[in-house]
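Per-chain residue numbering starts at 1, and chain names A, B and C are given in the order in which the chains are listed.
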Amino acid sequence: MLKIEGLTAEVEGKPILKGIDLTVPTGEVHAVMGPNGSGKSTLAYVLAGREGYAVTGGSVTWDGRDLLALEPEERAAAGLFLAFQYPVELPGVGNATFLRTALNAIRRARGEPELDAMQFLRLARERLRALSMPEEMLKRSVNVGFSGGEKKRNEILQMALLRPRLAVLDETDSGLDIDALRIVADGVNAMRGPDFTALVITHYQRLLDHIVPDRVHVLVDGRIVRSGGPELARELEREGYAALQAQAA
Amino acid sequence: MNLVTHAKGAAGFLHRFEGLRERLPGARLPWLAALRDEAAEAFRAQGFPTRRVEAWKYTDLQPVAAAGFDEPLTPVDDALDLPPARAGARAVFVDGRFRADLSSLDGLPFAAGALAQRLDALAGRLGALARPAEEPMAALNTMLFEDGLLLELPEGADGGVLELLSLATASERPAAFHPRHLIRLGRGARLTLIEAATAPEGARYLHNPVFEIELAEGARLTHGRLQEEAARAFQLATVYARVAAGATYDNFTLNAGGRLVRNEIHVALVGPRAACHMNGAQLLAGEQHADTTTALEHAAPSCTSRQTYNTVLMGRSRGVFQGRILVRQAAQKTDGYQMNRALLLSPEAEMDSKPQLEIYADDVKCSHGATVGELDPEQVFYLRSRGIPEGRARAMLVEAFLHEAVEGVTDEPLRRALDAAVAGWWARQEEGLAA
Amino acid sequence: MPAVNETIETVRSVTEGTYKWGFETEIETEFAPKGLNEDIIRFISAKKGEPEWLLEWRLRAFKAWQAMSEPRWAAVRFPPIDYQDAHYYAAPKRRPKSLDEVDPELLKTYAKLGIPLREQEWLAGVATSPDGAPRAPVAVDAVFDSVSVATTFRERLEKEGIIFCSISEAVREHPELVRKYLGSVVPPADNFYAALNSAVFTDGSFVYIPKGVRCPMELSTYFRINAKSTGQFERTLIIAEAGSYVSYLEGCTAPMRDEHQLHAAVVELVAHDEATIKYSTVQNWYPGDAEGRGGIYNFVTKRGACRGARSKISWTQVETGSAITWKYPSCILQGSDSVGEFYSVAITNNFQQADTGTKMIHLGPRTRSTIISKGISAGHGQNTYRGLVRISPKAVGARNFTQCDSLLIGDRCGAHTVPYIENRCMSAKVEHEATTSRIAEDQLFYCRSRGLSEEDAVGLIVNGFCREVLKELPMEFAVEAQKLLQISLEGSVG
């Protein structure tokens, strides 16, 4: 279970998160929606432990463990995965090398045996097929020269390989055409199960047609101002955020 | 044999200094006398460097050392043919001496005039930036300067556009003059300085100016240098600029004239968010040799520098670009970029480039690039396939290349002056090619 | 070629922060007395049973050297070297006649370094790459202090007419070849260190590939400085006749000592018509400790002459060791359409200094050169790329492309780029690009969020940064080089 209580955080001295309370029971998928600048990406980065995103109060626990006390790689080993809104380019670093290094680092941390090159390749091919992605993707440098859609699919490929127990998807739908959106959604849905928990961060309801959340939370100006069932997303799509923003102000 | 200095040349200047020592402007000022003596020592030690000296690897001063100069004749008050003014305000120097009668500096909202008249007020300022021990031409200048332009803009002043015209007269024997220009802009002050150097065809001289430029916080100086010296002349210019926080120094140098020319610029960005743009074009033909040497020091954080130099070479000309970017440890968040391109239009031309990065801070973004080559045959073909005759096609591409160097200049009056100079040069070359 | 088997162990011990090749072999060594003079040169020449012409050649070089002074233009700083305070000859006392007679201590030493000297061990798969896979056999010339102690796979190579032996042996067995080519690319008085080497060189490798032969295996020399207060001055000469091909590798290590030791090698390559020489170096001399004590001064002259039309010389270097590196593997592109390449990775950590680069001298028409240089500075390291591209008037249609990238890790190190571009040919095209940056924070975070430790993340990103160069190394060596890069950067993060 992911439990966020009274979380406040600032970036460059500016308060962005102003007291977030949010609980995601294990096995559920929750959506966080909100207008631009409401703090959605900040929440994602704080959960993943990015430098420069300073937590000023509150707590985040994952299965009772203090997530905020961990280094980014320790969070990954604990089962957290952040799908970046803007995946980072790593020139010269082959995608396969990167994925295998990451996978083995996590397996090592969990006390599982590492995969050798052949075992890894078999696994990676299988996952690629499942996501209808070309094998050529493994040979290229991480995200370098990838289109926006390819970058997002690469994030989903990483997720499929690393098999996190808690995924945070930061605007994974932005910049995707409808086919790519379906591939991404299928990738996430395939992971769903009693052991998979996810926080889907999005601006639009569109993605939630494909990944149907158990709960929807609305983030405005650093606070959750409303929570509800999947129907809340459709309501927001119809009526926009303006009313909620006015309410929050 | 001395490997690092030309045996001839320096002795004549040192001898002249001995003779003039008591009569040079400011000779009775102890600080200035000391400064000149030190400079003389530095010049005695360095002389005219040979190519064994790294800073002069590609420019041989042998022709200058061998020339044998006289001091300029006493200025004649003859009416001189002045080129049309490029701005309302103009300071005119003839053979290195200020000519009030030819200048129009009345009514300016700031102090502008002859340096020689104000030497007593310049202790600690004159010589604050120049480094005679490192740059032998600055040593020569310090030793022998007689005059120069003194500009002081108070805080917030908008100086508009000012022209600095340097004329040399033709005389029997080659003359040498070493003007020393001191420019200081107070906080937030602005000025466009268009410096033009020219002379009647056939004049032989050495023009060896030194600029010391200080820009206070937020000041902005646009400094255009139009070097159109006479075909047999030498110009060896050294510019020192010190740029405080938030201030901007823009330098654009056009090297189009002269037999042997060096344009050496040292800029230090000493306050956060200071900026420097150094751009230039070298247009060379015949036996010309032109050298642009820049040294840019990032000494404070978050400063920006941009440099673009384009050189076109025809005939047996030789172009040199040396550009060094130094980023000190304190200068985090530096953004430095430098590009130099050269177009060889003749099989006998030569271009030598030495771009250089020296970096001691880690959070920086610095890059440089250099290309040397001829016109792209594919581009020429493309134009021809659209019906443009080859000669015209080539001319268009050269013009585009030249234009590229100038297009970064945002200051309108300077831009017009540069465009005119570039177009004039290219027209002369085309005539020459046609003939 | 760094340790193979040991690499795994080294990677495991990354946190211990030690140079794993720093052991010393207890072996009976014969020294020349300390000092440098004509008598010492005569001593070396006599020890090697050299002909008179070579002694004369050495003495002329020595005379020239005496009139020269150390070059000081490189961006490296070191106290004056007392050239009289070193042994110029040190050799194991027991000299083997065949591999079976090699001192077991020596065999052990090379085995420990991952370089089996017994061919059957290669064939039995004793040599393994870090992935545990057996490696393709490599012919090795092992140079221990001043002498070559063993050269493997000679018979197999001889079948193809290939000569691979120590240079001392070549002087005896193939004097006509040595006399023709020695000093023809790097003249004895080329520079201070080359002159010193010419006067006192003790051993090194000699390779001759006959016309049209493609060398069937990688050739390799493994240099080891072992004795105290010695310098190593090896001389390598590689000749590729028309239409031949050879890939050659060199590796080097030394014990950890507080004193600085001088390594001043000369390498000469000659490629005739349509011949290709690929020369790879993984330089892992002892770099000194974290405070800058000790380490090798690596002052090396390497130059290749592309004499023939369409010949090609390709230098690849991974420079991770040495306290100071001063080397500029160069190509003289004389033959028309000949090709020169220089791929370099140089790492400086702690107090290491490197001033390295290349010269591409374009003389022939349509000659082409490529320079890719990746410099990484960490700790207090100073890293300089210095290169010259010169296009002569006759090099019609010549091309050069240069890319120099520097990466800074920490704010006490320095990265410098000093290219010289001299073009005297209108139809030639020269392009140069250089960048300097650090590892971006978002790259590090991205890797860490996928579970990589900061150190692994840096290693991965640095390897990516160097990929264009590493891919030029023969594959198995590339894997080792990658590990070595990471080890060299150890302690530079956090």
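Methods note: a contact is a pair of C-beta atoms (placed from the backbone, for glycine too) under 8 Å apart; a residue touches a chain by one contact, two chains touch by 3 or more.
Labels paired with UniProt names: A = Fe-S cluster assembly ATPase SufC; B = Fe-S cluster assembly protein SufD; C = Fe-S cluster assembly protein SufB.
Keep in mind that what you see is a predicted model, and the values were worked out from it rather than measured.
Chains that touch both subunit A and subunit B: C. Set against one another, A-C and B-C show the most C-beta pairs in contact at B-C.
Measuring from the averaged C-alpha position of subunit A to that of subunit B gives a distance of 57 Å.
Separation between the centroids of subunit A and subunit C, computed from CA atoms only, is 47 Å. Rounded to a whole number, the gap between the C-alpha centres of subunit B and subunit C is 44 angstrom. Only residues 54, 57, 329, 332, 342, 344-374 of subunit B touch subunit C when the two sit together in their complex. Taken together, the subunit C residues at the contact with subunit B in this complex read 73, 393, 406, 408-438. Residues of subunit C that touch subunit A in their complex: 131, 440-443, 445-454, 456, 460-461, 463-468.
Note for the complex: subunit A touches subunit C at residues 48-52, 71-73, 75-77, 81-82, 84, 87-94, 97-98, 101-103, 105-106, 109, 116-117, 141-142, 158, 162.
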